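The letters A, B, C and D name the chains in turn, as written, and every chain counts its residues from 1.
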Amino acid sequence: MNMSLGLMLQFSIILPLLAVIGIVLTAHKPNLRESVSIGSSILLFFLVINLYIGFQQGATISVHWWELIPGLPISFSVEPLGMLFALIASFLWVITTVYAIGYMRAHHEQNQTRFYACFAIAISSVMGITFADNLFTLFIFYEVLTLSTYPLVTHSGTEEAKKGGRIYLGILISTSVVFLLLAIISTWFVAGTLDFKPGGIFSPDVNKTVAGTLLVLFVFGIGKAAIMPFHRWLPAAMVAPTPVSALLHAVAVVKAGVFSILKICVYIFGIDLLAVLPSTQFLLYLAGASILLASLVAMRQDNLKARLAYSTVSQLGYITMGALLATSSGVIGSSMHIATHAFGKITLFFCAGAILVAAHKSKISEMRGLGQQMPITMAAFFIASLSIIGVPPAGGTWSKWFLLMGTIEAEQMILMSVLAISSLLNIAYLLPIPFHAFFSGDKVTTPGSGIKEAPLPSLIALCLTTIGCVILFIFPQPLYELSQAIVESAGFTHGK
Amino acid sequence: MLVGVAFAIIWMKDLLSISMLSGIYGLLSASFFVAMDAVDVAFTEASVGAGVSTLLMLVAITMTGRSEHPVRHKPLLALAVVFVTGSLLVYGTWDMPYFGSAEAPIHQHVAPRYINDSMQEIGVPNIVTSVLASYRAFDTFGEVVVIFTAGIGVLALLSVVRRQEDIEKIDSFNNSMHEQHLVLRIVAKMLIPFIMLFAFYVQFHGDFGPGGGFQAGVIFAAAIFLYTMLFGMSTAYRVINQSFMQILAASGVLLYGSVGVISLLNGKEFFDYSVLSSNPVTGQHWGIFLVELGVGLTVASVMVIIFFNFAGRSENSPPPVSKDS
Amino acid sequence: MLIHLPVLQVIIPLLAAPLCLFLTKPRLVWLFALIVSGLAFLISGLLLQQVMTSGTIIYDLGGWDAPWGIEYRIDRLNAFLLLIISSISTIVLIAADTSIRKEIPADHHVLFYILYLLSLAGMLGIVATGDAFNVFVFLEISSLSAYALIALGKDRRALWASYQYLIMGTIGATFILIGIGLMYQMTGTLNMEDLSKRLPEVSQTRTVFTAFAFLIVGICLKLAMFPLHLWLPNAYAYAPSIVTAFFAATATKVAIYLLIRFTITVFGLSFSFTHFPLQLLFVVLGLVGIFVASTVAIYQTNVKHLFAYSSIAQIGYMIVGFSMTTMAGMTATLLHLFNHALMKSALFLALGAVMYRIGTTKLTHFQGLGRQMPLTLAAIVIGGLSLIGVPLTVGFVSKWYLVMAAIENGWWPVAALILLGSLLAVVYVWRIVEMAYFKPALAGTETIKEAPLSFLIPIWTLILANIYFGIDTRLSVQVAQAASMSLFGVTP
Amino acid sequence: MLLGHYNYWIVIVLMMIGFYIVIAHGNLIKKIVGLSIFQTSVFIFYISMAKIDGGTAPILAEGIEQYSNPLPHVLILTAIVVGIATTALGLALAVRIKEAYGSIEEEEIQNKDNLDC
């Protein structure tokens, strides 16, 4: 590989865009079009891996494009948190593409070219977010991500999809324009820069009220993090085809949200400042409330995707909370949870999609006894559920553990109990599904009704992510190291 | 007097008398201008305010009906707006220099040069003409373009494509009608050359007394109006070709502009007339002469265009609801 | 010849207009008008370059020095405006030939181009001149031709709209005339530079106060500033598409220019904003304008009306930026002036293309158009995104600067309201998007094809400019900053 | 003191009458008449300020020292032309409106427009 790392970094953003061109050009040859999709996703993953290797060897990788507004450049650099997210997103893009091919064909969806093209744009903007070197660059890609996923949400074009799309766009755009943009411009005004810097960019003697207000604006402004009361878009977005829900609304979009929050906490405010801000406490409780309420709502959902969506809202609360805890364990837990939840939730969505395609069922109450016909899917569902709940043998265990440690470090006993209660709730709303599928006494579906496992590409995909969940449990070391690096690079001096 | 007429206009419902009154208003203000020593302006206002615009209104009324509906909604809001605006203006007068005071700033700054030096610099006794055509020639150029724009605008709005048979039909109709006004026609035939002569006099005498291209243009156009009214549209059409008038109007603007372009080509500023002759003052004379000619051409032809289109519209396509007028 | 650029800028289109009458073929006239407008564009580019490098250019017309004669005074501000006007005019004209064939009877084509050139020349004249009365004269040239152009619209409502505009516009112009008269009475001069020197002596007088009030009201009428905007929506909606595209991008901008020129250059900041409660008035009216007009826009059933109301809202943004009376605010306003011209001309041209193909711009007829006219509709979407202020478009850049300026002034609520206002834009833009992309095409419209190239080229030139200046802001920001610096008398 | 401004006040009254006709009346022709009265009054205002006591018309002649100010005269000459141009265009529009709507009353036209929508 003789491509310089900087060039590689740029390519990881541009490549998906090139793929868009390829996809549009091959619109009339589905096979070729899908090969372009897969090819570019594999290539992207390969690029990111190379970046990772380079990064591990201690290279500093940064690229400076041009100044969009004088003083505000578009620039990128690789740092541990971004690296982590990039790895997850690019890897899951490969798998999702595989899954999508099976799903979209089996489902005979319309406008597949638009689908793949928008998908690629979305990935490109995710890459932009992950490697953004300043808040401004991040914001731009954040908005592009919102817009490029809108057509995906409204893909089916039905009245319901349009309504979902309206809520989706309405909440994401309003929060980002009114709160986030205001916060960014104000930050620029107060701090004079928007660059991500370890330890934050505010001077230590910054007015606490101003900074506190800004923090609130940021957390509310990043609507993608789905903190209540700005979470309504996520369930609304479930009208999208399942691969979209899987990748975008379990991984790319929502994780872009919490990733941004984490990044802002660590690199804009700095953990030290965060710990003393008056509004942090308020936001922590808000996140806690978000976790519990979303879990409770999730229990009452009969639609599987809706239940998963509310579960996501709740899990995102964990990450936000971890970031706001302002302790090293909290940050480590948060960043690890980005990864573990990604694998867990995407598996769950894959399963939901597989059930929809193979058995045409979306209601949980109709899934009793489905374990007989779709054993692999349901087994995967079970393991992924364990990961979400946070018990072995799945990766979620580690991240939950660190989050719990974080609350203890920060002496937030209430939040600690929130985590505990929430885990119980997780069990209550997730586990009954596979349980009933396998051991249900009164079978709704009779054997031999012709229900088989989902198409092969989809099945492979969901197996891979399930294995991912397990691997994250067995080998958490690389993940931990990256998270540790975040803490170190952030110049963590907690306890001072 | 003016106030009386103006109030009368508010109360009147009959549009015909309103336009007559507005003509009188124009005439009265013209005489007021004379009293204020503004002879050039008076001349123009008399020909425009009292003449052309009244005529246009009359023609327009023949097409639109002459009675005004009573105002139904309460004009309180309008009164309030007017009251506020008026009192603001009255408020503004408190610090104004007194009427007729020689110490007023406008008599101290800028204007003295026109009065004291224009004879040396331009050599034309009528200061208004020197300011109009030389010091502020560009404004006047703008003015010519404005009138040209109006001509084109009216053309765009009202021009109707005439077919030959239409003309003939109107023709015969007119002939029968105009037989009756024989005496008038003969008198007019004698009058028209004199009016035209007067127009030329005004055109070229503008350097020395009141007058100039604009007034001359209007008077010239008036002669044509008279002719048209008495001899009918179609006869007038035969004498004066429409597209020829348009070309003429355009040429007036171009003539004016080309004087400026000549200055440019000679390396001087736009409308610097000194290049037109070896002696700068003679150059100014030439410049003013040409420019005034341009103004006269455009004004006359645009007036004719406007009038013809109004009149042509009314003869050609009678309005659908004209009976109730 | 280079020293004559200021006057050539105005007289080339001015003299070209009557020349059109000699070329009787509409096609030929179109080509001629296009070349003339292109020439004006070229000149304005040269002028801007000259002004940026060597400062204000003064040109004495007739060789008489000001204040006795009329002078043209080109500084960074009006050079920028000249460039905006002439560039938009040129680009819009490209589509004129195709568009007016459908919308205007054939025997009026030549007249159309004459009027178009006249109104172009009028606007350029208003901007270039340094003489207050000359402003009035050229204002009338551009207005009269505007009335006639609007009245050329196909619908009979165009006549009524034009008439209303004529009445409002003439009242506005007469107010301006009264204002100029009062100023003249107190100072004895009409030259702006001279006025700015002599006005401070008499600034305490009630006459000058009145003069200022009349000027502002008159200009605001022309500006269609809320609540004096009533003439605008119909005038834009029923005028021929080309005219709308041209005016939406330029006419109100010229009025904004006049506002800036008179309040800051002629009367001076301290007078305009301390003797007069202008700041509060403008901030409130600007913000109310943004919200009311955007809300009204949401409920429109005709897309042309919709964007017309959006224009009124956008004027509100410029007014808010202007009322900050800081350099940052002025930069934001000037930037938005330029950016909004790019967006609106593109949008209205695209609507012209829709008009060309389906003969109406009713929102209900947009059903399924996204598939039938993909390029045109894509342009509308991008233009709409720009209107909302999405990153990577020009709208974002101006919004950024505006909010930045508000925060710099410590006007936090204003900053938040500006952003909130842009959400309303999301709603009205999205109504079009949903209609065009998520509704099946109407029956019997299968034959609708993409707009002809003569439309697509100018539309996409403008759209690409929207994106280009949203990505690379060096040029526009630099010029806007330089212009606002020169206004505030800071040497860069 | 009062007399010094008396002239201007008359002009203001005239202006306001014209302005009132424009905004309060519904007849299109009458509006234009009002407009021209409004404008003419502004002209009178300009000319009034040019007057000097004891001055004569600004045409240079032997033995005269005081002239009225020529500049407002020039301005008003231009403005009169602008006025007639506006009037002509306005009337042309009124004629067309009459043809298209069958009426020149503001309210009736507005009503017909509302029906169109």
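Just so it is clear, contacts are C-beta pairs under 8 Å (C-beta built on N, C-alpha and C of every residue); 3 or more make two chains touch, one makes a residue touch a chain.
What you are looking at is a predicted structure, and each value in this text was computed from that prediction instead of being measured.
J.: Return the chain label for which the distance between chain Cα mean and whole-protein Cα mean is smallest.
T.: Chain nearest the overall C-alpha centroid, as shown: C.
J.: Counting only C-alpha atoms to place each centre, which chain is farthest from subunit A?
T.: Farthest by centroid: B.
J.: Using the touch rule stated at the top, which two chains are linked by the largest number of C-beta contacts?
T.: Summing C-beta contacts for every pairing gives the maximum at B-D.
J.: Centroid of subunit A to centroid of subunit D, CA atoms only: how many Å?
T.: From the centre of subunit A to the centre of subunit D is 69 Å.
J.: Which integer distance in Å separates the CA centroid of subunit A from that of subunit B?
T.: 75
J.: In angstrom, rounded to a whole number, how far apart do the mean CA points of subunit B and subunit C lie?
T.: Each chain reduced to its C-alpha mean, subunit B and subunit C end up 31 Å apart.
J.: In whole angstrom, what separates the CA-based centres of subunit A and subunit C?
T.: Roughly 44 Å, centre to centre.
J.: Going by the contact rule already set, what residues in subunit D reach two or more other chains?
T.: 15, 19, 23, 28, 49, 71-72, 75, 78, 82, 85-86, 89, 93-94, 96
J.: Specify, in ascending order, the residues of subunit B that touch 2 or more different other chains.
T.: In subunit B, 89, 93-94, 96-97, 104, 106-107, 110-111, 114, 136, 139, 142-143, 146, 149-150, 153, 157 touch at least two other chains.
J.: Sort out which chains touch which and give me every pair.
T.: Contacting pairs: A-C, B-C, B-D, C-D.
J.: Considering only the defined contacts, which subunit C positions touch subunit A in the complex?
T.: Of all residues in subunit C, those touching subunit A are 385, 388-392, 397, 399-401, 403-404, 407-408, 415-416, 419-420, 422-423, 426, 430, 434, 437-438, 471-474, 477-478.
J.: Where on subunit B is subunit D touching in the complex?
T.: Residues in contact with subunit D: 2-3, 6-7, 9-10, 15, 18-19, 22, 25-26, 29, 32-33, 36-41, 44-45, 48-49, 52-53, 56-57, 60-61, 63-65, 68-69, 71-73, 75, 78-79, 81-83, 85-86, 89-90, 93-94, 96-102, 104, 106-107, 110-111, 114-115, 118-119, 125-128, 131-132, 136, 139-140, 142-143, 146-147, 149-150, 153-154, 157-158, 208-210, 214, 299, 306, 309-310, 313, 317, 319-321.
J.: Write out the stretch or stretches of subunit A touching subunit C in their complex.
T.: 66-70, 139-140, 143-144, 147, 154, 157, 161-162, 166, 169-170, 173-174, 177-178, 181-182, 185-186, 188-189
J.: Which bits of subunit C are touching subunit D when the two form their complex?
T.: Of all residues in subunit C, those touching subunit D are 133, 136-137, 140, 144, 147-148, 151, 156-157, 159-160, 162-163, 166-167, 170-171, 173-174, 177-178, 181, 184-185, 190, 301.
J.: Give the list of subunit D residues in touch with subunit C in this complex.
T.: Residues 15, 19, 22-23, 28, 31, 35, 38-39, 42, 45-46, 49, 71-72, 75, 78-79, 82, 85-86, 89-90, 93-94, 96-97, 100-101, 109, 113, 116-117 of subunit D touch subunit C in their complex.
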